[in-house]
Amino acid sequence: MSAESAVRRIERTPPAEIERVRKWIFTEEYREKNFARQALVVNPAHACQPLGAEMVAHGFKDTLPFVHGSQGCASYFRSTFNRHFREPAPTVADAMTEDGAVFGGQNNLFEGLENAYSLYKPKMMAVFTTCMPEVIGDDLTAFIKNARLQGHIPADFPLPYANTPSFNGSHINGYDAMLKSILETLSAGHQSQGGDNGRINLIPGFDANTANYREYKRMLKAFDVPFTLLADISDAFDSVNDGTYRPYPGGTPLEEAAEVLNGKATLALQKYSTVNTLKWLGEAAQGTVESLAMPIGIRNTDAFLLKLSELTGKPVPEELKAERGRAVDALTDGHQYLHGRKFALYGDPDYLLGLVGFLLELGARPWHVLCSRTTRKFEKEMKALLETSEFGRGCTVYINRDLWHLHSLLATDPVDGIIGDTHGKYLARDHSIPLFRVGFPIIDRINLHRLPLIGYTGTLNLLTQLANRFLDIQDETCEDQWFEMMR
Amino acid sequence: MSEKIIPGITTERTEKLIAQTLAEMPEKARKKRQPHVGANEPEASVCAVKSNRKTVPGVMSARGCAYAGAKGVVWGPIRDMVHVSHGPVGCGYYSWGTRRNLVQGVPGVTSFAMDFTSDFQEKDIVYGGDKKLEQLLREADALFPLNHGLSVLSECPVGLIGDDINAVTKKMEQELGKIVVPCNCEGFRGVSQSLGHHISNDSIRDFVIGKRSFDAPATPYDVALIGDYNIGGDVWAAKPILEEMGLNVRATWTGDGAIEEIAATHQVKLNLIHCYRSMNYMCKVMEEKWGIPWVEYNFFGPTKIAESLRKIAALFDADIQAKAEAVIAKYTPMAQAVIDEYRPRLEGKTAMLFVGGLRPRHTVGAYEDLGIQITGTGYEFAHQDDYDRTAPEMAKGTLIYDDVSEFEFERYVEELKPDLVGSGIKEKYVFQKAGIPFRQMHSWDYSGPYHGYEGFRIFARDIDMAINSPTWKLIKSPF
Amino acid sequence: MSAESAVRRIERTPPAEIERVRKWIFTEEYREKNFARQALVVNPAHACQPLGAEMVAHGFKDTLPFVHGSQGCASYFRSTFNRHFREPAPTVADAMTEDGAVFGGQNNLFEGLENAYSLYKPKMMAVFTTCMPEVIGDDLTAFIKNARLQGHIPADFPLPYANTPSFNGSHINGYDAMLKSILETLSAGHQSQGGDNGRINLIPGFDANTANYREYKRMLKAFDVPFTLLADISDAFDSVNDGTYRPYPGGTPLEEAAEVLNGKATLALQKYSTVNTLKWLGEAAQGTVESLAMPIGIRNTDAFLLKLSELTGKPVPEELKAERGRAVDALTDGHQYLHGRKFALYGDPDYLLGLVGFLLELGARPWHVLCSRTTRKFEKEMKALLETSEFGRGCTVYINRDLWHLHSLLATDPVDGIIGDTHGKYLARDHSIPLFRVGFPIIDRINLHRLPLIGYTGTLNLLTQLANRFLDIQDETCEDQWFEMMR
Amino acid sequence: MSEKIIPGITTERTEKLIAQTLAEMPEKARKKRQPHVGANEPEASVCAVKSNRKTVPGVMSARGCAYAGAKGVVWGPIRDMVHVSHGPVGCGYYSWGTRRNLVQGVPGVTSFAMDFTSDFQEKDIVYGGDKKLEQLLREADALFPLNHGLSVLSECPVGLIGDDINAVTKKMEQELGKIVVPCNCEGFRGVSQSLGHHISNDSIRDFVIGKRSFDAPATPYDVALIGDYNIGGDVWAAKPILEEMGLNVRATWTGDGAIEEIAATHQVKLNLIHCYRSMNYMCKVMEEKWGIPWVEYNFFGPTKIAESLRKIAALFDADIQAKAEAVIAKYTPMAQAVIDEYRPRLEGKTAMLFVGGLRPRHTVGAYEDLGIQITGTGYEFAHQDDYDRTAPEMAKGTLIYDDVSEFEFERYVEELKPDLVGSGIKEKYVFQKAGIPFRQMHSWDYSGPYHGYEGFRIFARDIDMAINSPTWKLIKSPF
């Protein structure tokens, strides 16, 4: 229609109508309508595959993540990490444009590899794709082979690569794909012929809490057992400020990772973000390969330590036993501030499983559990977990629903607290429910990734944050006559 | 301005620095980068630095994509539309809430700073997403009935699989009776977010402007504010000044914008443009089609603000001119108080900039108002006309860099040792690790506004805080 | 006057009068009147000596604090500790009553020692006084000598004792007096004739944050140097819950403490709470005896580690250097949320000095610094500290003023945050200023003593708490149009 | 009640347990402690357990002092007075805000739950504190002018140095025209906080009661609520019930109390006393001097509440009796719903108590309403009349302990293995470390109210939470 034919005066929405809709979106009727939608997604709680691929790449020493595809994607991933960690996230892209879309991205890849290798002097580049080359069908295997043959990159330079289409799964799948490729690449030709080397491979999975990695390392060191953390982002995303910028301030040493198949055992602390990696390891590795729930809460941590004890043949160290005792003490002391409180949670499957375990053992109720991109398997596992406790009764799991669905749930069936990443702050505000920032990304508070949430220390931290926030609220909202010195 | 000189900055030194830096790059990359860097020549009518070319693969650029330019800059700030990120989940997710284009309204009811996406799955790639899009728009309108329009922003796969979003939006505009705009801003198009601005401008031209008329009688003082995205509330600090000088600001493009006001902007008498880069297209379209003149202005720092107010007032009658002088007279003491407070703490400091849009040149005056000199500047996604406008603002021999790679930028900063770097989130922590104070100059580092007189006070406070924070002294360890 | 003659009808205060006074107490006029008072103390921020004595006693292994005086005092001390730590605080009293007031408390002491020794099987009892025996002039030296002579307690059983009159100084002086006596008692006859034993004696001072003690130990262990922490309350007041109650779950081993005079050096991290102990050690000990500022903040921690490095001849361990770098990084990242913010602080002298150092190095302003019982020396030292920084300009130190004085200060010269113990919550509420709970006692939140505030870790924790609370407030109080995803 | 039997609890077992426990004590202590512990004999007219004797030195008692009884219990809850802790800083500091006697009013303006102290220094001990006290009272009245009275609570040194606070308060009452009360409650007086209650009651008798008259016309239904300290809002849960049955509650002693209402209480028709221990003195005084009858009642748990309402109503006319029945009828279903929810989760559990005041006997019925049986109980500071009232409430052979030492209490609990211990803060963490669920029954563990029907709902929830928290299951480590 032409502009002229359609000229009509600006219409302003009457205040009464605004008021009507403002109330309406909190109704049961709206909730039904909202849950009936099939095409529209509003405020999802998941990112796309290449972001996960980039994160795992940062976890290896001297490794440069390399985005094959649009430059803009790389900027989005990087800035997301920059904001969450408040740290650099050096990553290059081969900046494909229209001609790439027509002719494929091989030339971009060649030139990109050459420049990145020369300028940023990595020891490994981890290549992963955005949706553009995925849609046009770029053949990375061939491209990389050609790059070596044509001398764009030394023949022996490690170039793991992963297809990480954004229209499939979420960031945790990209994490998995890239991790598998890195380990395959590095371990090629390193399979020992003798027995295992006694090391434990530990895979935390997609976890943007750097303190968790340090906590894993501390626990393993307490066992005094050789281990390899795959992939260790803790120094990459929580590095010192001593006046010198270093693009690769840490990460799993490549030589260590190369020995992954020779370890005594591999233990993943997330299973949904490591499916294919574990599958491959299960086939290729000498040692046992297992996954456990993320060690959030007492029992999940117990299970982790028991497993370490079993794998190493060593007792759980006294220092960790004492930590357990102190964390349990804090829980018994603090349970009254959380018992029976209802929570809404959203985030990645493995985080959700860990957190729900913790809430249940505290007598709190994980009332709405939402994962915006996951599988029926997860739904089933979460339901089974909820059924293990009387505090799981009445709690509901929602998969492939988004935060606008959660908006309706909170409007019609409210809770006491929300646990999730920064994106939930609008829910928190709309419903006057505190948000406990856990997960990724957290881009409106500082340092939260520097406080561990796993292990007994993490359990203590979670307890402290939850209970004290409720006490803050009580003190802030009560009338004078209920305002008290003690709580 | 040609007399600007910065002690220690010479064309020779700058050219040597450039040569040394580029020498470290592979041959092909060096050749590509060479034209994009140079020593400033304030009096050159055409800036020698080239721009708006493809990013060199593998050099670590800060650039975004066409989608980013469309969603983040042009469309996102329009408050009363549902902006659909059409394609896979990531683009909408990353751009959700990460540009600080503040809006009025009731969130979720009359304003929609949320993430609407079609969250493409494999099957959408295989079978196409047009049908899904149609249903999606219907659902969005039903769930957010007070929206005044819907935009569909294509992500990479959409263009590649041959979807026809224009047909869908045309159909849905009919069905929903609201402005429904297609924007073919796939991320692979063009070399940076700049093309996204252009494509979006074209979408406004083709599908928005002229579709509405204002609901108030026209006056000789009707203007539109173009190219202010209300970062940290900039529009709210700028618009009142213009109103105080007697102008009627009928529409803001697009910061805190209302789509129907944008659609009626062809009725204003003058367009005032702040961010030339992202919206000059539309000013030219309105000039050509409706004969609306336009004028560039600069609301950073009291010197430039006063210049701009006088320049704008000169296009109106004596009454407006008198009011403009009154505004300047009213706010100058406040600005002077800010200068008196901070300039002694900042005098003689230097800064380097690398940002997008208008800031690499527009903020220079504000720094200078505080006694800070800019030793280097550059743009992520500028064109020749941006650099031509930049050269006179900068001192002779200062470093100009286009689409600078992190590799280069680090070396330039290392050599020039500025007291502050003003750039983006991706650069921030690199330079802070090197012990250099930094402010994000895309997002005002979560502060703002920086526009107008009110903004200058905040800008000055922030720059002082960054440069003079005692935390920098902690970096050097005694052991 | 007789009741009958005075009968008058109940008078109710008119609402307008209430409103007038409600506003009046926030005025400059009121502040002047308030600061003019000379006899009345309202809401002091200090406790009495024996409380400090009890705390230090809990820091020694198998030691039972023994209150010579009123039973009620012991209950007050114990419940204060119970509430702060949410832990047991086993302590006995000899429960003097009127007859004790008349005849002296010797018999109570005899019987008390006998019963406590027999029932609670301590290896040491630390005896300290309440004001009653102090006023009547009980001679503890003679009493304890008599107790041994008459067989109420074995002749060689360690019975340090301290006079801790409540009408003199505050809890930190009681801490000092009891610590000195314990060390004198234990070290008697243990002075080595050879050289020093290479150990570092570390005295944290009156600090009710158990995590700080663990942090001290962690730092010293990183130096790999033998050390003795005097007195280590960390396990006494943060013990495991494993189903068994233990009255003495930790503390400095008595044998270790007995060697205090033979150490290579003694380092106190508080000086106002260790004045007499250090004076005595300075005379009696072989090694050097020094005090440093509490290691809160980067520079104070630097000074502590440098001193350890100097004393041990070892470089600062890499692990601590890395922690420093990460904490500094967090400060540079986070400074913008705290720069220029004004704070009111109250508490013990040494805590205040540490905290003020931290605030200044962050660019924050310790606007009102108040200590309700201290010396001119402290006032002078604090003023000098404030003068070291441009951010100390305009800040004021108040000594021997109380929290009701602070009420007037906050009413007429407000700040952005208050730092102090739970007792400040009324100020926080009255003035709508957030309270950051630091110090002792904290009886309305959980676990805060389990989060260290000293060292680089503590600095990070403080930064996180302060900055994120301000961000919470911004998010909670802003209008919709200023509510944002990022901060 | 004599038919109460608890499986496994027998007089023999209990006596054996006592004997074994005391056998571990030194001879002299054992002899002193022996009379204070016994197996319950519900039908004995005089309880065999002795009480109100000096605490055995060195045994770790939970008792407080006379000052604690005066400040924490009687005076502290009176909201509109300035209560001065006269002496060294500690007593006022420790008792500041640590008993949960909630008050209405504007803090610092009309209510004063603060810490007022003379903060004695050495010189005050040497030269005496009377002059300081006089000035202090003057300052307090000037800075808190809306106070309706001031109390002076002596700490240990005051009595020892021979100060005459009574002379000072008398003078200041004249000068200030307000009720100014001396209370010679030095902590060394008596054997426990109980004497502090008594001394305070005497101060009320001598310096308060009769000094005011009510400002509303007298009715036949004027009552006072005595011995409810509004812990966690108890008064606010109790008073409305009495009002609903038609009574006019003219004064509350002393929870959320107003001193002038207390001073006029000699005008009521009946005193209702909840905490007999701390306030029976005053009931007797009012009975003797003004002929006001008094009646004990129990507002814990629906069984006792209904009994109490009927007992109180019986002292009034048919109208009140009908209303009392209506109240019972109204709230019983609510209480039954609470029982239906929690009793299945608590049936068959046992608990042991050790508290002060009225709770060791008064709460028994509430536990029983929930299906919990009390296997042991005792008081910190009771007298014979308390134990005589306790015996019939407890099952035969249950353990009764007076001023139990921690040593004994631990062993009793270890043997009887209750599912819950209800005691104070000093005991809480001892038993929790032993893995035993615990509720503070002085402070309601920062919850409450526990009085009345509303309180029962909260009590039931809390007891269930304590006993059934899954955190207890975490204590046993798998390694």
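We just call them A, B, C and D in the order they show up, numbering each chain from 1.
Throughout what follows, contacts are C-beta pairs under 8 Å (C-beta built on N, C-alpha and C of every residue); 3 or more make two chains touch, one makes a residue touch a chain.
Molecules present, by chain and UniProt name: A, C = Nitrogenase molybdenum-iron protein beta chain; B, D = Nitrogenase protein alpha chain.
Keep in mind the model is a prediction, meaning the values are calculated, not measured.
Any chain that touches subunit A and also touches subunit D is listed here: C. Across the two candidate interfaces, A-B and B-C, the one carrying more C-beta contacts is A-B. Here the spacing of subunit A and subunit B, counted between their Cα centres, is 31 Å.
Each chain gets one centre point, the mean of its Cα atoms, and the points for subunit B and subunit D are 69 Å apart. Averaged C-alpha coordinates put the centre of subunit B at 53 Å from the centre of subunit C. Chain geometry summary: the mean Cα position of subunit A and that of subunit C are 41 Å apart. Within subunit A, residues 83, 86-87, 239, 241-242, 321, 324-325, 328-329, 332-333, 423, 426, 443, 483-487 each touch two or more of the remaining chains. Residue numbers of subunit B whose C-beta contacts span two or more other chains: 96-98, 106-107, 429, 432-433, 475, 477. In terms of which chains touch, the assembly is arranged in some other way, matching none of the line, ring, star or all-to-all patterns. By the contact rule set out at the top, the touching chain pairs are A-B, A-C, A-D, B-C, C-D.
Those residues of subunit A that touch subunit D in the shared complex are 298-299, 302, 305-306, 309, 315-316, 321, 324-325, 328-329, 331-333, 335-336, 339-340, 360-363, 389, 391, 480-487. Listed in rising order, the residues of subunit A touching subunit C in the complex are 83, 86-87, 238-242, 321-322, 324-326, 328-330, 332-334, 337, 422-423, 425-426, 429, 443-448, 450-451, 460, 463-464, 467-468, 471, 475, 483-487. Residues of subunit D touching subunit A in their complex: 96-98, 100, 102-107, 233, 256, 429, 432-433, 443, 445-447, 462, 465-466, 468-475, 477-479. Residues of subunit D that touch subunit C in their complex: 24-26, 28-29, 54-68, 87-98, 106-110, 114-122, 124-125, 132-133, 135-136, 139-140, 142-143, 145-146, 148, 155-157, 159-161, 173-174, 187-193, 209-215, 258, 260-261, 263-264, 405-407, 410, 424-426, 428-435, 475-477.
Across the complex, subunit D is touched by residues 1, 3-4, 6-13, 17-18, 21-22, 25, 30, 33-34, 37-44, 46-48, 50-51, 66, 69-73, 75-80, 82-83, 86-98, 100-101, 108-109, 111-120, 130-132, 135-136, 165-168, 170, 239, 241-246, 373, 404, 407, 423, 426, 430, 443 of subunit C.
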